[in-house]
Amino acid sequence: MIKLQSVDKSFGDLRVLKGIDLRVEKGEVLSVIGASGSGKSTMLYCINALEKIQGGKILVDGIDVHCADTNVNKLRREIGMVFQQWNSFPHLSVMDNVALAPQIVLGKSKDEAYSLAEKHLKHVGLGDKLQTYPTRMSGGQQQRLAIARALAMEPSYMLFDEVTSALDPELVGEVLDTLRLLREDGMTMIVVTHEINFARDVSDRIAFFHQGVIEELAPAKDLVNNPQRERTQQFLSKVL
Amino acid sequence: MDYTFHWRPVIKALPDLFNAALITLEAAILSMAIGIIIGLALAMMRLYGNKTMYIFATVWVELARNTPALLQLFFFGFGLGAFGWHLSPFMIVLCGLAFNNAGYLAENFRGGFQAIPKAQYNAARCLGMSASQTYLRIIIPQVFKLVYYPMTNQMVWAVLMSSLGMLVGFRELSGETQFLASNTFRLFEFFLVAAVFYYVLVKAILVAAHLLSRRLFTY
Amino acid sequence: MSESASTIQFFTGFSVNDLPFLAQAAGGTLLISIISISIGSILGCLFGWALYASRYARYILGSILDIFRSVPLIIQLLLFFNFFPILGIPLEPFAAGCIVLTVYTSALVAQVARGGIEAVPESMRRASRSLGMSYFQDMRYVVWPIGARAMLPAWTGVALGVLKDSALVSVLGYLELLRASQILITRTQEPFIILAIVGAFYFALSYPIGKITARLEQRWQYD
């Protein structure tokens, strides 16, 4: 379980997260929606310690993420993250992109890592591109590569930061389908996204962020079809 | 025109010139190797070091890039000589070129590091890689591709600058040519042949670098 | 060696009286550099345009200019200087040095200029031509201003490089700054202070110009 307790985060004088309380249970899919700058992505970065917090606590399976004694590298093996700009490693083939971390972080042998990589790449539909280099692939394919790369570490949780926002419209579908697939596999996911319809259909709950605060948190279909808070209604009316 | 070209002395001296060309190449390669190691260190000092390291590295880089290479050679020759450290001509050239190379390469490396998006670093750390694993496996290989072309240029530069060795008594290609030419008074012919040697050497380096890049960088 | 009563002694041997000697030599350095850089740059821009515009030029002119970038300057100077007595034309060191440095500069600037022209976006040139501008008007009012900005950092690098390389003209006997320093060092046995002064001269020219150019480049990035 991922638990955020009264989390505060500021960039200098700018308060980005104000007292966030959130629990995500194992097997749950939580979508996070809201305007740009509302703090959604920052929250993800705080969960896997890419950003520091100034107040409150974040616990992943009982481990305090921001405690000085915590082994951050070890923690990150349990939390997979996929970014808006896929950040594939351009100097490695698709296969090596996925197999590298299992080898040098988890200590797997080359054969183990390669078969693991192949399995996950096939799962996301890139089985025929194992020796290709990322720069020769479309954005959608590189994003699926990024997902496979994160999955190969066999994490307990997956964080997705607006993974379709940088894609051409016709490529968005293939990535969303991959996320659907993961949901069926039972992966615990926190998905920051602008795709409201996807959020409604695929998630268990949706959190609506507004200016650093969780304005509304409800079961997915309820929040989209029947928003209770005025700001949620305003936001949804603008994007739907 | 009442000058007759006498090529015989030059042709007889070709083996000597060829050996001297090898010495030139050797000096250039050595100074590049040392320059790369020091340059990398200087770049890291400027990017990640504390204040003392930053100042030290910056002073080195700015001195190397803003003063003539010949002056730097003079420093290792005359300057150290004042302390009683008399380096051989080869060492003067090696130190001077290495000092110079390190300065220019440090700037190239620094630019390379700064050009890699922080996101690459983040993505690797998110997979659980440590900072040193990230630098070794992800960042430095990409920097290498970015600086490959400037490094090739610097290698050519090192070969051309080695000719300054002639002024401090080093018998590389220019020095040897000068020596042989002054014995026979066939200055023009000898220097023409030396020029051809240099041209071929530079072209060979560029071709080799190009072929190597094809093999190294498949992306 | 005359030492007047008003001599300030830094160390034994080197006196304030030597400074005019160095200053004269510095003037020699500046003179030959400025002439070569200015004429060389103009030629280089013309060559660069030729390299850009014509495939024949790229092969023929390009190969020739390539030679000047692949042979050490010192060899070029010695070669050129020894060639002219053969023709029966006497050439003094200053003239020989100027000519060689000018051609050398033009070869380097040609590369830079070509890069500058190529840096101008094709779309901008299509826009100007469709407004009815002729080829040369397009060159003068659109390509030149934009290309010159793109060129500036690289050109400054070339110019400063030539300033430093001008030291080599001393092999022909021309009195420039490093040769003067060598003479003084041999006489006074005070290498450090002399090298420091000479180094400071080059540094004082090169460093500020380099920094200003870098700042300009940054500022222009945000256009």
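As written, the chains take the letters A, B and C, and residue 1 is the first residue of each chain.
Basically, a contact is a pair of C-beta atoms (placed from the backbone, for glycine too) under 8 Å apart; a residue touches a chain by one contact, two chains touch by 3 or more.
A quick note: this is a predicted structure, and the numbers were derived from the prediction, not measured.
Visitor: For this structure, which two chains share the highest number of contact pairs?
Guide: Answer by contact count: the chains B-C.
Visitor: Going by average Cα coordinates, which chain is farthest removed from subunit B?
Guide: Chain A.
Visitor: Chain with the smallest distance from its CA centroid to the overall CA centroid?
Guide: That would be B.
Visitor: For subunit A versus subunit B, what separation do you get between their C-alpha means, in angstrom?
Guide: Each chain reduced to its C-alpha mean, subunit A and subunit B end up 47 Å apart.
Visitor: Where the centres are mean C-alpha positions, what is the separation of subunit B from subunit C, in Å?
Guide: 20
Visitor: In angstrom, rounded to a whole number, how far apart do the mean CA points of subunit A and subunit C lie?
Guide: So the centroids are 55 Å from each other.
Visitor: Under the touch definition given earlier, write down the residues of subunit B that touch subunit A in their complex.
Guide: Those in contact with subunit A are residues 117, 119-120, 122-130, 133, 137-138, 141-142, 145, 217-219.
Visitor: Which residues of subunit C touch subunit B in their complex?
Guide: 67, 70-76, 78-79, 82-83, 85-88, 160, 164-165, 167-168, 171, 178, 181-182, 185, 189-192, 195, 198-199, 202-203, 206-207, 210
Visitor: If you look only at subunit A, which of its residues touch subunit B in the complex?
Guide: 48, 50, 73-74, 76-77, 79-81, 83, 85, 87, 89-91, 100-101, 104-106, 133-136, 146, 149-150, 153
Visitor: In their shared complex, at which residues does subunit B touch subunit C?
Guide: These residues of subunit B touch subunit C: 1-3, 62-63, 65-71, 74-75, 78-79, 81-82, 156, 160-164, 166-167, 174, 177, 187-188, 191-192, 194-195, 198-199, 202-203.
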